[in-house]
Structures are given as structure tokens and as C-alpha cells.
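Chain naming follows the written order as A, B and C, and within any one chain the residues start at number 1.
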Amino acid sequence: MITNSLVASQLSAGYGDNIILDGLDLAVPPGKITTIVGANASGKSTLLRTMSRLISPRHGHVLLDGKSIHRTPSRELARRLGLLPQSPIAPEGIVVADLVSRGRHPHHGTFSRWTAKDDEAVAAALTATKTAELAERPMEELSGGQRQRVWIAMALAQQTEILLLDEPTTFLDISHQVEVLDLLTDLNRTRGTTIVMVLHDLNLAARYADYLVAMAEGRLHVSGKPEDVLTEENVRQVFGLESRIITDPTSDRPIMLPIGRHRMTTGQAR
Amino acid sequence: MQSLWLAVLIAALAVLCLLSVGIGTREIVWSDVVAALGGQVDSIGQAAVTVRIPRTLLALLAGAALGLAGTIMQGVTRNPLADPGILGVNMGASLAVVIGVAWFNIASAYAYIWTAILGAGCSAVFVYTIGSMGRGGATPLKLALAGAATSVAFSSLVIAVVLPRNDIAGGIRSWQIGGVGGATFDGISHVLPFLAVGFVISLMSARRLNSLALGDELAAGLGENAAVARAVAAFGAILLCGATTAVCGPIGFVGLVVPHLCRLLVGVDHRWLLPFSALIGACLLISADIVGRIVARPAELDVGIVTAFVGAPFFIWIVRRQRVREL
Amino acid sequence: MTTLSSTTGSIVGSRRHRARRRHVVIAVLLILLAAFFALTLSLGQSFTPPGEVIRVLLGEQVPGASFTVEQLRLPRAVLSVLAGLSFGLGGAAFQIMLRNPLASPDIIGINWGASAAAVFAIVVLSLKGPAVSILAVTSGLGVALLIYVLSFRNGVAGTRLILVGIGVSAMLESFIAYILSNAPAWNLQEAMRWLTGSVNGAQLDQAPPLLLALAVLGGLLLSQARNLEALRLGDDTAAALGVGVARTRIIVIVSAVGVIAFATAVTGPIAFVAFLSGPIAARTIGNNGSLLIPAALVGALLVLAGDYCGQFLLPSRYPVGVITGALGAPYLIFLIVRANRSGASL
């Protein structure tokens, strides 16, 4: 049965002798936006890479609709689960339309021909990411925000029900960060795409997540609704940081304000 | 601790020198060695020893020069894979010498040396320049690739120059492998001044290299002009390997291996590293020369081949140990 | 919805445009290749009219032309084309796989195993013909595999593969130099073949194994063309697109080294052809689909033209490898400068 349930159970993974994920359990809610936060080296990227088959787990499984993704043929998996890595490489001189059409790769065998359905998928991806007018431009000429939209378009052309993104907002300025996150929310709302992403910025993560996951030392520390996860106690435990949580007046989501040691005016020091 | 190692190394070097004079394709009794060292050339054995003395001396000088040059190059480029061979410097010297012989009829020993140094210098600057262009500066990968590519290019140019000239092909071919077998006191005396200047400049740049090791910006903050420091140290290294290449031909990997061994022994302070790398370089090349004489009896393996076979696995080991980032 | 369908229309248009450009360039390369092939058959030291060449090719005995065309020019041209195709194809496959124009097999030394074995077989073991080929191909593959294994550590990083290749090739080169310098009868021509590559003394019966290797291994490479294109986006992206990265790598390495080793066993490592073909093809065809076929054609053209040039257009006769080497050197340097400046890959 296709319910797009992505579940990690008792997952351990790492590089060489270095175990980074240590017996982690996570059930990604289908059709929602899940964001993963955590300190550096807490295993966020490793979790994402293991869930998308880039790394094989030492122990445990990642199950998609009950079937281990590490036993699913790669092309079949790539038609259901897409991943945008942290630093994809744009070949020199490639134009946007060509790059986005690379997303159709899993839908083709070695000798199959390009079809009208492929063209439609590419066009839909370009339209959804508002990059249609850039279609004939080479990647080098685009701004950072435009480039990231094109990469998301490529992942969209893959037409997967689940999309994983590893820090899709790094190297972008704040307006482009919001633009990309709004775009991903649009996709989730209009297409019902399940989105899982790693984000650095706690406040943006809480703002855009339906389900927030906080990791510490290779384990899932706490997960749930943003207002339940982003608490002063959890920030202290996960990041070792004293903070205050207030409520964002525009979205009613929690906002974390670090306390630090200086420039305090209202006597919050406790 | 360092002083103890210094004593050990000097003792080792002395033993190796003795062995190098005593061991060869011809078995010789030790009394002959002693007699020959005293100046007698009466028996065949003593004559053989007399031939081996300049050879040992050259191996000592060349090894010291190459080891020192390697340490300086790794310091200047802050790159663990820098080596006169990997960076294409030896090939540059070869090309220059070949062109000099084929087109300009150079024959005098000094002309040889100057040409080799010129070639070494040009190619070092060239490889470093192209290797450090673009993002991330001179990464180990870019430098090694630029060096390898330049070596390939230069070696086809060498062949293109040599091929129509059957008269010089043989001589150049044997020179191109790199060895110390044909050493004479006369040859050594020509190259000695160059090496001496190179040694002095190199050994004096220890403090500069220590500052450079912290990065250009920090070095500038410490009052060191990074560009000048680099240029001076590199000039010393180029003198050393250019002059060595002129007499011995290209000998690879000594400059690569030695600095790593030295860092294991004495840490990262160049004031210790530099003299140690000269010593260890000398020990290494003399050993390689002795090995080359033993393994292929009754023939000899040129020292350049021995160092390649010892050095290349070492190179691979370093590459494996390093955390190389994906492109 | 109109915007979506108009977008689809323009997507289709631009895709057709790219495909047309690709077809035109491949056609032009084919025509050029055919023209050069014809030229080398009819014009050498002496001129043979095209009519006579055709009659010879059809099996007629033409006095004064049969020997020159059939025994001298045809084998040379055929082997040049086959070797060029192999080098071009194998080289481009490596460059695409490792995303670096400098990472061609001749520069990272992954094919030096074949050369070293061939030299050893000929000079030391006094072998000839197929035995040399077999030895060259097996050790070519063996060395490539060794390099792969040595660079294996939590998966193979392209960077490490390149560096290990450079190290191994330094060893093999000095091995070749040693054997050649100790060869009992020093034969400059033969040595040149193993140092820079040459099609001197080519014989037609050397062609079938080469052709077979090209058909089988080349076909295998072409079957990976799409996966290779995906690899250009980075290993992670390719994996996310459903490419079995490790599997593709192994197939590409084995078949690319295989075609190159077969060619090397016959002509020696013709300098720079593997390295030059990909970038030249990229320049002519742009980003319009897989580079493999155009690169193979460019390789064939390079060898054919280089050999012709070395035989007839210069004051003294050079083997083809010297020509491609000497011509390739400046281009190589230009490429390094350019590639490093933009920080981009092929």
C-alpha cells in the first residue's frame, strides 16, 4: 500500500570507525513538512543521507511503506524519494531547462526515448518554481536564490512523493531563504509532497515545520509540534545555550532568542 | 630529544657512507677500503673504492639537497604532496637541458647547471601559478594534477626535441633516469658552489617558513612579507634541485618522503626540520644507491628507479591517510 | 494553464534545438573523419588517384597502387581510427566520471599498466602479437583495479583516485624507463612506440581484436552514457536520481581502461589523445547530451591527422605520439589555466 510512510528504526550509521547515528528512531509524518535541527556534528546530514540511501546503515532499517530502501532498486526508489544534496554541481555552460530535465533520469531506462510526459514534467517543475523565464539561461549567470530554485525544480521534475533537502538555504541571504522555504511550503500544500529538510536556523525551522525534530549526539532528542519542541529546556539540552522563547506575532510559532552574557537590560539573568 | 636524534642520524650517515664505499657489484675486503681511503690505488679493489668515493659524496650532497628542497617546497606551498618530481620541476630542468644540448650546443658543466636551474625555476613558478588559480588556492589535488600534466607535456616535448638527433639521444636517455653512478670529483666541484649557496639560503629561511606555516595573513600580521619570504625560500629550493638535476638527472620522491619522516621525528619547527631533512635526505639517497647496487647484481639499478619504487608507495600512503575532500 | 502549455512548448523547442545542434556536429565530425581517411589513403609520398584507391579497396590488383594503399596506407589509417576512437572514448568517460578534464587516464596514469606490461613482454620476454595484447590488457586492468582498491576508503573519492593514480604511474614510468634503458638491442622506433605511441608498422590483422574490444567495451560505455551525464551533477545528486554510483564507476573504469589497453597494446600510449578529445568535443558540441560519441570521433581525427602530419608535413618523420604530445602540450596548459580559473570542470 502506498502511504508514503518513511520510517527509520534503530538506525546506526557512520564513516569508517566513526559512528555518527546511534540507534535512531524516526517516523516521518506523510504529507507534512519535517525539519531537522541540531548542533554541528549531531548527525543531521548523516540521517538525511542514510534515509536517501547515500550511506548504508550499520544497523537498523529505513523503511518506505514497510520496505527497506536499501533493498529497493535505486531507480525505483528515485521515482518515489528525491534528494537535493548540500552542494550539487552544475556542469559548465549547462542551461536551466537542460539541468531540470536531468531530474527525469529515474524515469528512463538505458535506451528509452524522451516523451511528451517528460516535457510536461519539466515544464511543470519550471512553472512551479517560477524559473520558466530562466529556461534558456546558463546556470553561471543566475543569482544564488535563482540557482537554488532551479535545483529544486530539478528535484520536482523527478516527481517524487517525498523530497529530502540538505540545508537548502545555506549561502542564501535572508530574503532568498524565505523565498525558498515559501516555495517548498507551496509544494507541500498544492501537491501534498512530503518534505524533510535539515535547517540551520532554529527560528526558520520552527516557522516552516509541521513536525520539528531535534537531534543530539546521533540520537533523536525530541520531536513533535514546533511549540512543543522549541522550548528553553530543549535548547539548553541540545545546543547548550540559555535562551528565551517568545511567540512570533505573525505566525504564532515559537521564536528562540539567545541570552548570552552581555547587554542585558531587563534582568533576565536567572 | 632532538639533539639525540641528531647524533643518531649523523652516526647513521657515517655508517652508510662507509657501507656505500665498501659495498658494490664487486666484493672488496675492508683492508682495501681502508687503504683506498688513505689514497692507495694499487689493487683492483682499491681502485673500485676510489670510484665509489665521489659517488658516495654525490649521493650525500644530492640527497641532502633534495630532502631540503622538498621540505622547503612543502613549507612554501603548505602542501603535503609538494615534491620536485610531483611538481614537474625535474621535468622542467630536463627539458631545459635537452633543449640546451640539442639547439644551443651547450657543453660546459656550468652551462648545464645554469640551464637546469633556469628550467627548474621556470617550471616551478609555472606549475605553482596554474595550480593555485581558481577557488581554494593551491590545493594538493590541483598542484599534483598541474604538475603531472606539465610533466607529461614536457616529456613529450623532450622526445620531440631528441628524436631527430640520434647523436645525442643515447646520452640524454641515460641521464633522464637519474643516478649518481657516473660521479667524478670534477663534476662535483662544478656543482658545489651552487649547492653551497642553495644550502645557505635554504637553512636561513627556517624562521620565515615558520611564519608562513600560519597562513599568509597571520604571517603578515607577524611582520613577515609573505611574498618575499616565499620567493627567497623557493629560490633556495630551486637552486638545490636544479643543480642536483643537472648532475644526477631527475630523482623523484626523495623530496616528498623526507619532510614527512622529519616531521615525525622533530615536529613542525623548521629550525629543526631543515637540517634534519638534509641529513635524512642524504641517508635515504645513499641507502637507495646501495640498494640499487645490491638487488640487481651484477648490474646496477639507477638510484632514481629505487627512489621511485620506495617513494611512490609512500606517496599513496600519504594520500590515503589524508582526508581528501570530494571534488 | 496557458502558461504551462506555452512553457512546455518552449521546452520542447529548446530541446529540439539542442538535439539538432548535436546531430549536426556529429555529422560534421563523421564527414571530416571520412575525408581525412580518404586523404591518407590517396596522398602520401606519392599520389594515388581516388579511383585507383577504390579499386584497390574493392579487391582489385592495381599495379603501382596495390602495395602502397593496401599494405602501407590502409592498415595505418584503420589502426589510427580505431586507436583514436578507443582513446577518445575511454578518456572522455574518465573525465566525465571524475568531473575533471585533467583526470584522463593518460594523465592520472591509469593506463600505464598496459604500457609497462607491453614493454616488459616485448623487451624482456620477447613476445609478439596477441600474447602482448593479452598481457597488456590484463595488467592494464589489474593496475587500474589496484588504483581503485588503493583509493578505496569509505567509498572511492574521485580526488583520491586521481592522486593514487599519479603515484602509481610514477612507479610504472620509472619501470618502463629502466627496461628500455637496459634493452639489449636498443631500438629507438620500438621505444618511441612505448613512450609516446606510434602507428608505424601497422598491420591489418591487428585491427579485428581492437574492433571487437571497441564494439563490446565501447558499447558497455555507451550504455552508461546517461548515468555518466547524471554523475556530472555530483555523486550525491546522481545517487538521488537513482544512479548506482559505485556500480557505474566500476563499469566505466573496467570498460574504459579495457578499450584503452587494447589500443595501447597495438599503438602504445598515444600521448594526450585520451586527454584532448573530451575537451575539444565539449567545445564543439556544447552541453548537448553525452560527450562520449563526439569525443571518440575527435580522438580518431586527432590520431589520423597527427600521424599524417608527423609523416609528411614536417622536416623529419615523427611518430604520431610526438605530434599529439607537442601539439597537446600548449592546449593542455591553456586548459589547466582556464579550468582552474573558473574552478569548473569539463
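Note that a residue touches a chain if its C-beta (ideal position, glycine included) is under 8 Å from a C-beta of that chain, and two chains touch if they have at least 3 such contacts.
These numbers come from a predicted model, not from an experiment.
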Core chain by centroid distance, with centroids computed from Cα atoms only: C
Between B-C and A-C, the pair joined by more C-beta contacts: B-C
Chain centre separation in whole Å, for chain B relative to chain A (CA means): 52
Chain A and chain C, separation of their C-alpha mean positions in angstrom: 42
Euclidean distance of C-alpha centroids - chain B vs chain C, Å: 34
Numbers and ranges of chain C residues touching at least 2 other chains: 99, 153, 342, 345
Complex contact set, residues of chain C against chain B: 98-100, 102-103, 106-109, 150-151, 153, 157-160, 162-164, 166-171, 173-175, 177-178, 180-182, 186, 188, 192, 195-196, 235, 271-272, 315-316, 318, 321-322, 324-326, 328-329, 332-333, 336-337, 339-343, 345
Of chain A, residues touching chain C in the complex: 15-16, 49, 52-54, 74-79, 82-95, 97-99, 101-103, 105-106, 108, 110, 114, 119-120, 122-124, 126-127, 132, 135-136, 155, 158
Complex contacts: residues of chain B adjacent to chain C: 81, 85-86, 130-136, 140-142, 144-146, 148-150, 152-157, 159-160, 163-164, 166, 169-170, 173-174, 176-177, 252-253, 299, 301-302, 304-305, 308-309, 311-313, 315-316, 319-320, 324-327
List of chain C residues in touch with chain A within their complex: 3-5, 7-8, 10-12, 14-15, 18, 99, 153-154, 223, 226, 229-230, 232-234, 236-237, 239-244, 286-287, 342, 344-346
